[in-house]
Each structure stands twice: as structure tokens, then as C-alpha cells.
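Okay, handing you the structure first.
Chain lettering (A, B, C, D and E) follows the sequence in which the chains are written, and residue indices restart at 1 in each chain.
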Amino acid sequence: SPKPTEPAAIDEPTEDVDVEVVNVGWIGSLTGDQAVWGNCEFNTVKMLFEEINENGGLLGKQINVIGYDTRGDAMEAVNAVRRLTSQDKIVALIGPNASGQAIAISSVLEEMKVPGIATVATNPKVTVDDNGQVKPFNFRVCFIDPYQGAVAAGYAKDVLGFTKAAILYDVADDYSQGLTEFFEMTFKEKGGEIVAKEGFKFGDVDFRPQLSKIKEANPEVLFMPYFFKEAALSANQARELGIDAVLMGGDGWPSEVLIEMAKEAIEGSYIVNHLDFADPDVQDFKATYTAKYNLPVELNGYLAYDAVRVLEQAIQNADSFDSVAIRDALKTVSVKGITGQINISADTHNPEGKDAAIIKIVDGDYIFQQKYSAE
Amino acid sequence: MLKVENLNVYYGGIHALRGIDIEVQEGQIVSIIGSNGAGKSTLLNAITGIVKPKEGLITYKGNEIPRTPHKIVKLGICQVPEGRLIFANLTVKDNLMMGAYLRNDKKKIEEDLEKVYQLFPRLLERINQMAGTLSGGEQQMLAMGRGLMSNPDLILLDEPSLGLAPLLVRTIFEIIEDIKKMNKTILLVEQNAYKALSIADKAYILEQGVIKKEGIAEEILQDKSILEAYLGKAH
Amino acid sequence: MGWYYIQGILILSGIYLMAVLGLSLLTGFTGLFSFGHAGFMAVGAYTTAAMTIKFNVPFILALLIGGLAAALVSLVIGKLTLNLKGDYFCIATLGFGEAIRLILDNVQYFGGARGWPGIPLKTGLMNVIIFNVIAVVILVNLIKSRHGRNLQAIREEEMASQIIGINVFKYKMISLAISAAYAGIAGGMLAHYTGFLQPKMFQLIKSTELTIMVIFGGLGSISGSIIGAIVLTSLPEVLRAFDRWRLVVYGASVIFIMITRPQGLMGGYEITITNIKKLISRITSLGKKKHTIGGDN
Amino acid sequence: MSTILALKNVTKQFGGLTAVGDMCFDVKKDSISGLIGPNGAGKTTIFNLITGIYNVTEGEILFEGNRVDGLQPYQIADTGITRTFQNIRLFKKLTTYENILTACHYNTDYSILDAVIRNKKFRTGEKKLHQQVQELLEIMELTDRKDAVASNLPYGLQRRLEIARALALKPKLLLLDEPAAGMNPDETIRLMNLIKEVRDRFNLTVLVIEHHMDLIMGICDKIVVLNFGKKLAEGTTQEIQSNSKVIEAYLGEEDVIC
Amino acid sequence: MSAFLQQMINGLSIGSVYALMAVGYSLVYSIMNFSNFAHGGVIMIGAYMGFFLMTALELPFAVAFVLAAIGAGLLAVSLERIAYRPLRKRNAPFLYFIISAMGASIFLENIVVATIGPTFRTYPKVFSSTPFQFGQISVGRLDAIMFLISGISLMMLVYIIEKTKTGMAIKSTAYSIRASTLMGVNTDRIIFIVFGLGGVLAGIAGVLFGMKYTVYPQIGFITMKSFIAAVFGGLGSLPGAVIGSILLGVIETLTAGYFSSQYRDLIAFILLIAVLIWRPSGLMGKITEDKA
């Protein structure tokens, strides 16, 4: 796997921002369960800024990307952002690749007044605090979980026609909890019934006690809003226990690893995704990336791509590398990304009106079904 | 049978043995006496390889002894250590069986076990007790018994009478003489100098890591000046 | 390297030092090994944060309340486990430490397992230093008193301590409670330094790190603990340049220290004015020969 | 002379084994009494019972007329009983001085808070302790070894240090468990004199376990003989020396050499 | 009823995973008297060895399995040489061993991250994933195999320790290396055997664990549970380790199944503490009284 840039290679950053090189930060999982994603995201960010640099840079300056590993850990993420904002003097941050870390770092970004663009962190609290106030320096390029949960529930109920759903979720993860909450809400609103709801904790590998309980409840669809490793293990164990419900997941699923680990178990499952991987719009990027890194593009790559585009646009609009100016520009950015048109809303700092893509796993492949949007 | 030449042992900066020479003939009882801290235990430990001498040669039956204790034991040398070092977590019986660890002659082992029980009937009574809960004296008996179980040719005894009741002290010395009769050789370290000298063939007096006197045990026992100088004025 | 960054490392070192000082009392001077101190840190951290955020208590006061809360929890734990021997005590504390974390995992009021972001940043270099100076003074004075000697007697030989009239259980309790209070305050400072709390921060590995620091510095040496805390807190930061080899190096160094210098850096010696004087006179009398502090092997 | 310690029908069982059975005896104030008997007779067990390390299975132990069985060891030390151990138990890594100083802790009562703020109470208290240590070091002739680490002391001195440490408590009753074990005859005699001296100086009562008969016969006012956890005999040295049961079970026929 | 039975089966199967790990753990504890926290690391390496032998070298499962077990045994033995022996020669207190072991475990985990990479790997399929079906109740094939293997290895170990001379030497070495040496025991060899056996067990556990779940650098983490199980049963007691593991597995499962899955781990730790308070040396551990 590719090596992240060595932070040691960076020369003493000068206090003055007006130098030839400007630092942009990235954080995410380079190790740990989601390393596949984090690495792809980091690679993407580096690749795009290299391209930008080759084309003369931004506002006449070269961009240097500094990235740190969070091991998927919220605390590490906080430490890394502290270092990026204080020592490395970044002007903006891209990442991290999960809500748990994104929520944890949001207050540091606020304190240091450096804008951050989350890639795939879908939990609402990433950009909005408990009181519904928007966090001035936190942005994202993906849709959010109330939407994602509603799409999943709506599709399960309205399109697939299931009325009895069960949920297994990760209690230690903001993303999983959020998605569960919104799935449950919509599914019930639509007249469906949640027949079982069971939790586990990040790090668990055995889900059979919970699955046995779920089996008793006899659901038609089992919603599994968490990441691919746990998804694969729990899918295998569910089948082993004789659960034949249709499985359904969120954007935590799409990954080669999932198929590799649980090909048979997840056959025929549905996923709510950010995009259709076969969309002609994304093929260019896919090709360049694969040519450069000899690796497939993971989900995060596409959103990281859009995050870079959004940041690029904002810097140009701001015509400055001042963090606050970039923040102000971000509030009104509108660019055509590869996952759709991205219009950041000044009220929520989320992109408005992005459709979700429903994907079905057929013969070990992610097959696009339709764009679906919850009303 | 056993010959120690120019043995020097150090503990860090402490020069515990300074050029010791001793010789033990087959079938003899050789006593080593000397006050606390003279280096008696250190000498025995050096012979069995527990402490590594800095200098010196130890030969057993004409060959230089190996360096690791378990190989030395295999030659038929057995130490009944000071402070007993019984296996507190094993039963009395298992402790005795550990003594016979290197032996494979089942029958003979059973016989020897009987013999030990005869010598120390108390051990038979406590056969399944955890050795750690034995009284001090009982532990001493066990250590002796365990030593005998290895059926050694040369047996090194480090203060075997320590903490024993008077009657038992006598028994122990009788046993030592019995062992000698079984054609074994004994190197005995004792505080109880009179007893030790009276059963020994030969004796060494060790003071501060140096051999101060050696000779026929009986002669030393007669020599009032030596007794006063090295063994205290009590007698 | 910016001052802000160095300051960060110093603050973090100071925070761990606080916990290490407490653990040093327990481990170095009382001979009890705990693998549950992360649990006490957690209690302190969450209590302090709750005080400042939910009840608007001033920071310093909140820290003290956090320490107190940890001490109280430790008393309950001590009552149940201090009679256990050696490794079983160690394991029981491990169990308690993990239990505290797992309970916090389920306290939704504090964000549960997902964590608690947005804690105000109040821990600064100044208050960390002041707290540590006070902590050291208290510790030194305690150790150099009959109470401290009683603790050391317990470390050396428990049964003999009983026989000379030391209420072993009570003194172990005191030692545990004080060390838990230190850990609790450290936890409170940590909460207000990172601005984010998550039960996962207080896993077993954190307790281990604290113990490693104490042992690294040398059991029974306060100056050793201070050096241990600072060196080992900054080490992972310094090693960041090693990227993914960082923790490999860290793990290897831990083994290396254990097998080469198991008595720790200071080996039970203290840096005091008299010792320094002694050392200087020794160095001068030795001429140009190089010498390390604390001398002995 | 009044009774200071009394054992009344004391029994101690380990599982099925009765280590001490129905034991009764008194110790008179200011006396030196001996406790002898074959190995495993239950002598050390009796010490362990008196000092609260083991709980009695049955019976009562009275010290100065009050029950002490059931108390914790440190509470028993509080009442004025202390001991030495058959297997030396010093604070191994502390110096001679520190060993004694620690044991002196009784003689001052400043609190932890006093210690932390180093007030007057603390300072006068500490001063008193250090004086006491000096005295004890002199009496026990340990002054020149005061900075030696306990575990490096020769065996004989370690035993002496254990006694010094016990004396630091200013006990009323001192229990010595084989204080002369591992000592040569000369050292044994010196120890004997020391015990007498200490008894007079500190107004102590002493109960001693020994297998060295010179010592026992030389200093004891009274001797209790145990066998198999039961009392075999009790009396003066002459009585015991001529008691045929004792000779048979313990002393043996011939004249015993220490 | 069938739901309950299914949960019991789940519990037994989780318990036998713990048991496989706990037995090796306990074995080392029984002789070295310290908790070898590096055991988890050895399990992890064992799992990787099995994986690479099967995928990169395309060896048949049985061969890979045996080689991985041997490899893990060798690793454990070398760890002993490097990280513990110097301490042993110095009579260091048990805590130093624990710390050294933790260092080793950090080292092993991260060396894998640094070299092989942090992603997890999936074993090729060896056993069919269709479970044995008994009416409503299903028993995974791999589970049955694991249960069997834990049982067999335990019996073999108990036999070695209780019935052979080597076993007695293991026990005596556990108590005092010095005294054992004086009995003619080659204590270095005994320790070699113990670590080797512990390592082999770890290797077996690793491969089976990897097949059942996946292989990733943090597998060692799960050994925390087996460690609890071992304490539970009484450290150093092998049957205790197995009984503790099975109990823990069942209790955890029942907690998750009938109470709340969130409290699963908490219950485990509370149980640990309760057992220690009730029986300070675990269910089957020996209680030793200090003798003055």
C-alpha cells in the first residue's frame, strides 16, 4: 500500500502564510479496520493536488498535503488535527472518513478557526451542534444520515414491500447510531414494524447472540448500518444461523473486502450509496487513479475528489489562503462533482439535494438499481 | 573423588571465596565449618553450579565438572540446600519423587521411598500435605529425604541440623553416618561444629573466604586453640 | 517546531505526570500494581467535565471534585480487592478499570461509547505546572514521614508490617485513594485539554502506559517518575516521523528497557540537592571519568 | 508476679490436622518463658495465633486480662505484643536505620496532613523518632551498621535487627521464634545475654522458642513443652530437664550439645 | 426452547474460542507465574502464518495448519529468549515480565501493521459454511471442530502435567527454578517446552480464529476475554481455564440474548470481579495461606 507523506519531510513552516507553499491537511484511517478507505482517500487528495500543482497551483502557490493517520480512533483524530492546525499551519482540512472522528474534531476546528470538509461523514452532528446551531468551520460533501436512513427505510418499505424489519447496529459509533435512528423513524412512519433492534460494540467479532434473537423475531429485512468488516462477519453468521431475511446496508458497505469476505451471505442485499460506481461521470477519475496506484477506487475516493474540488473552488472564490476567508467562500460554493452537483447550504453546511443511489449485490458485484430520494 | 582448586567467587564487588582448595576422598565425610558468612554455602553452590566461579577448577572423579547444575546432578552429585528449598506447591510425596527425577528404576525408587519413610516417619504421616505448610523441622526432613531419593554418590549437606529439635539433630547425624555406610561420600557444612567434627574424617575451617585450617577431624577436635579461635569460647 | 506544539507535548507530559505520580505512590512505594488507573482517570475526566459543563463549576474546583470522585470510587474498589494477593489484585484492578470504561460506554448522558465532544479547553501549561508542583511536594512530604515509611514497609514485607502494628489494609486504602485522586485530576486535565472524551481513551493500554512510565523511571523514585512521564509522553510524538514504524519502535524500546535496565532509569535514586552535590564531588574526584546520575550499575 | 498472657483451651486446626489442641498455659509478667518441643509440635503456630496471623479455631487468648483472639495482627501489636520470625522477615531493601525507624511509628501521632504541611507537630514528632532509633541502635550494637541494607547483613545481625525492630514498638510482651537458629555457639551465648539485658532494660516479658538448649536452660524462668500440638510438660528448667517424657520425646538420652 | 438451546450452542462455541486461547495463556502462567500478554500477539502471527501458507504458498489446509502451529511455537520460544529470559536470570518481579510482554504485544501487532499492512484478510474456505442442522438449531462446522480441538488439547495438556515426569518438573520449576535445577531438572528445557506448547496452542487458536472470523493485526485484543476466562477459572489451572472460558462464553451469550447486548462485556468484567471477591484465586485456583 502507498506510503503517506512523511510529515518529517516538511520544512519548518514559517509563521507567515504568504509563502510559495501552502499546507492543506488531511486525516483519516491509514491503519485499522477502515484503512482501505483511508488510504484511497488520502491517495486521491494527494493525486488531485499534484495535478493542481502541475497546472500552476492555486492562486499561484503550490499546495502541500499533510496527512496523519487516525487509526479510526476519535482521540487520535483530535490529536492529529491539533497538530495540523497548530504546528503545520494548514489553511483547510479534508476528511476524516467517518462521523465519529468528524464530530470529535469539530470543536478543534472551531477553536483554531480552520475550515474542514468532511468526505463521507454522514451524521448530522458533524456540521450542526446539539442545539441545531451550525458549526461555522465544519462542512461536508456527502448527504446526511436522516436522508440516508429515510432512503433505506423508504426503499425497503415502498419499493421492496417489506413490513417487518430488524436492525443490528454499533452502539459505539455515531454513524451507526444515527442511521439506525432515522431508519427506524421513517420505517415506522411508513407503517412498517421494527421487530428487533440489537446492538454490538466496535471490536466485536461474534454477533450470534444478537442474531439468534433477531432470528426469533423473524424479520423480512435486516438493516445493518455499519462498516464492511462487521457487515461481512455478521452477514456470514446470520446465514449460518439460518436467517434468510434480505440484508440491507448503508454507505458503510461498499468495498471489495465485503464481497471477498461474505460473497455468498450478502448475495441479493441492498445498499444505499452515494453514487453509481458505473456512472460514466466517474470513469475518468477511476482510470487515472487505478493507473497511478494500481488499486481500485473505494467509495471514499469519489467523495474525497469532490471535497478537493469544493476546496479548490472556495479558495479561488476567496482569492486568499486566509482560513476565515476560505470558510466564508465555502458557505456558498457550488461545483459539479463526480457524485453530483454540490451546492453547499449556508444554513447547514451540507450539500443540498444529492440523490442516493441504490445498489444491489448480484453475483458478487455492486449493481446499480436506481437513484432514489426520500421526500 | 572431588577436587576443588584455586576457587574464586565474587558477588559483585564482594570476594566471597579467595582461592579455595579442597579435596574429598571417596567414602569419606568431610566437614566444613566456619562462622556466619564465611562462604560455606557459596562453596557448595559453586560445586553444584548454582554460582559461577570467576576462577578455579573443580574436578569430579578426575574430570572437570560441567557448568550447568542439572548436568552436575546427573553425575551423581546432590545438594541439600540451605534454607531447604522444598517445593511448597507440591505434596510431600511429589517432593520426594522430584528427588528421583533423573532416575528410571521404578522398583528401586519405591524401595528408597520406603527407606526415607523409615528414617522420617513424620513424612509418611504428612504424605499428601502441601510441603509449604510443613513446620520448619519437617521441611528440613523433607529436604534431606528428597536428597536421598536421588541416590547420589556425593551428597552435599548445607546445615542439615538447622532448626531441628535436639533429638532430631542426633538422628540427623546418625543418618549421615548411615549414609556414609551406604558407600556414599558426604561434604557437610555445619554450625554445629562439635557434632560435625565428631563424625567427619576430614575437616576444613573456612574464614572469610579462605581455608584457615585443614586436617583430620579428630585432631582438630583436640586442638583447643583452634576451637577457641574459630568456634567461639563457649566450649 | 512551533512553541505551540512543544507546549502541547509539555502539557500532555504534565497531565500524565500527574497520574504517574499517583501511581508511583501506589506501585513504587506501596508495592501494589494496578492495571486500573485508566479507570480512575476516566472517573476524574468525566466528573470534571460534567462539573464544568453541566454545573458551571470553576475549572480548578471541578478538577478537585474530579480527583475526589476518583478517590471515592477507589475506596469502594479497594474495599473489595485490597485483600487479594499479588497478581490477583492486579487483575481485579484491571477488571475494575475496564468495568468503569464499559459503564461509561453506556452512559448516554455523557455520549456513551461514541464520545463527548466540545468540552471547553481550559488546561494550560501554567495550571498543569502548578498542579504538578503541588502534587510533588505533597508526595515527597508524605513519603518522608512515618506514613510514607509505613507504606514502604508494606511494600517490603507485609506480614512484618502487621506485626509492628501497621494497619496494612488502611494504609493500602490510603495509598490507593491518593493515587486515584491524582489520576482523577489528571483525567480532568486531559478532558479539558483534548476537548473530547470517549471511554475508549481509557482502555487497559492506558493503564499499562502509566505503569510503564513508573517502571521506566525506576520504582520508588519520584524524580524517576517525572523523567519517565516526560520522556515516554514525548517519545511517541518524536517517533511520529517513523510513521507506521512508530509503535514498533515503541514496543521494542519497552522490551529493551525491561531487559537491560529493569530497575528503571533512576533505580530508586532521587535527584536531590545533596545527591547532586555528592555526584559532583564524585565526578571531580574521579577526574574526567563520565558518570551517570544515581551511580550504581 | 501477675499473669500477662493466658491461653485457654486454644485449638487450631488446618483442615483435618489439629496443629494445636486444647492448649492452656500462662506467662507471668516480667518473666522469660520458653516454648520447646519437637519439630511440628505447634510452637510457631501458637505464635501465629497469639499475634493474630492465624485465627483460633477454638478457645481464648487473654492479654492483660483482655481477649485478643479475633483481633487483627496490627491491633494485637497495639496492645503491646510483638514478635520475630522463624524465617527472618526484615524490610529487606531498607537500611538498618530505616527498619527501626519504621517500627518506631507508634511513638508519635502526627497525621498525614501534618506531614504534608510539615508543621511543628510533625517536626517534633520526627525528632523524637530519630532519637529513639539512635538509642536502640546503641543498645543492640548496630550503630556501625546503621546504613547497611538489611538483606546484606550477616545472618546473626539480621536476627538482632529483628529484635531491635520489635523493641522499637516498646512492647510489653516479646515473642522470639528461634532467635539463635543458624548461629554458632559463641553467638548464641551472646544472644542469650542480650535477651536478658533487654528484658531488664525495657521491663519486658519474653516468650522464646528455641532448639538450642543452652539458651533455653540458661535464661528461662519457666518452660512449656509441646508435643503433637498438646502440652507435654510445664515447669522450671530443672523440672523439664529431668522429665522423662520430655527426654523421650524431645531432648533425648545423652547430654545434648547445643 | 429452541432459541435458548441455540443461544447455549452459541455460547459454547464462543467459549471454545476463548478456551483455546486461555489454555495456552494459563499454561505459561502456571509455570512463569505471570500473565503473558504477548500470547495474543502469537495467536495473531499464527493466524497470519496459516493464511499466507494457504494463500501465497497454496499449501493444503492440514499442512498449513501444522506449520502455523509449529511456527507460532517457535515464535513463543524466541519471545521467551528475548523478552523474558534476561528478566528470569535476574529474578525480576512478575510485573516486569508483564510489562515486557506488553511491549512484545505492541511490537508484534505493529510490526504486522508496518510490514503486511493493516487490512484484514479472509481465509480461503476449507469447511463448508452450511452448518449441521438439528431441527431448529444449527451448529457451525468450524465451531464443532474448535470445540473438539480445545477438548483434545486440554486433555493432552492435563495428561502431560499431571501424569508425566515432565509435568512434575514443570510444576516444580514453576515454584523454584533453583531448587528444580538441584534435582537435575534442565529448567531451560522445561521453560522451552512450556513456551513451545503455549505457542503451538496459540498457533492453533490463531488459525481457527482466523478461519472463523478474519485475520487482522488486532486479533490479539480478543485474548483479553480469554485472559479473563483464565482468571475466572483460576490462573494456572488448565481445567479452570476451559471451564472459565465456557462459562464466560455462555454467560456472555445469555446476557446478550436475554438482557442487553450492550452489557455483554460489562457483565464479563463484573463477573470477573465477583469471582475474585468470592474466591480470590478463581474457581479452581488453589488458595494458599501465608505461613509465618
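General observations
Basically, a contact is a pair of C-beta atoms (placed from the backbone, for glycine too) under 8 Å apart; a residue touches a chain by one contact, two chains touch by 3 or more.
Keep in mind that this is a model prediction, so the values were computed, not measured.
Traced through touching neighbours, the fewest hops from chain C to chain E number 1. Per-pair tallies of C-beta contacts place C-E first. Centroid distances from chain B, each centroid being the mean of CA atoms, peak for A.
Distance from chain D peaks, on a Cα-centroid basis, for A. If each chain is reduced to the centroid of its CA atoms, chain D and chain E end up 48 Å from each other. Taking each chain's centre as the average of its CA atoms, chain A and chain B sit 76 Å apart.
Per-chain CA centroids place chain A at a distance of 38 Å from chain C. Across the assembly, chain E contributes residues 113, 262, 265, 290-292 that each touch 2 or more other chains. Listed for chain C are residues 105, 159, 244, each touching two or more other chains. Among the residues of chain B, those in touch with two or more other chains are 133.
Those residues of chain A whose C-beta lies close enough to touch chain E in the complex are 1, 30-33, 35-36, 171, 198-201, 203, 205-206, 208-210, 212-213, 215-216, 229, 232-233, 236, 239-242, 257, 260-261, 264.
Chain contact summary for the complex, chain E toward chain A: residues 3, 6-7, 10-11, 13-14, 17, 113, 117-120, 122, 129, 131, 133, 138, 140, 213-214, 216, 218, 221-222, 252-257, 260-262, 264-265.
Residues of chain D that touch chain B in their complex: 14, 17, 36-42, 44, 86-87, 154-156, 178, 181-189, 211, 213-214, 249-252, 254, 256-258. Against chain E, the residues of chain B that register as touching in their complex are 48-50, 68-70, 73-74, 78-79, 81, 85-90, 94, 97-99, 101-102, 130, 132-133, 146, 150.
Touching chain C in their complex are the following residues of chain A: 3-4, 6-8, 12-13, 30-31, 69, 73-75, 78-79, 82-83, 86-87, 100, 103-108, 111, 129, 171-174, 177, 201-202.
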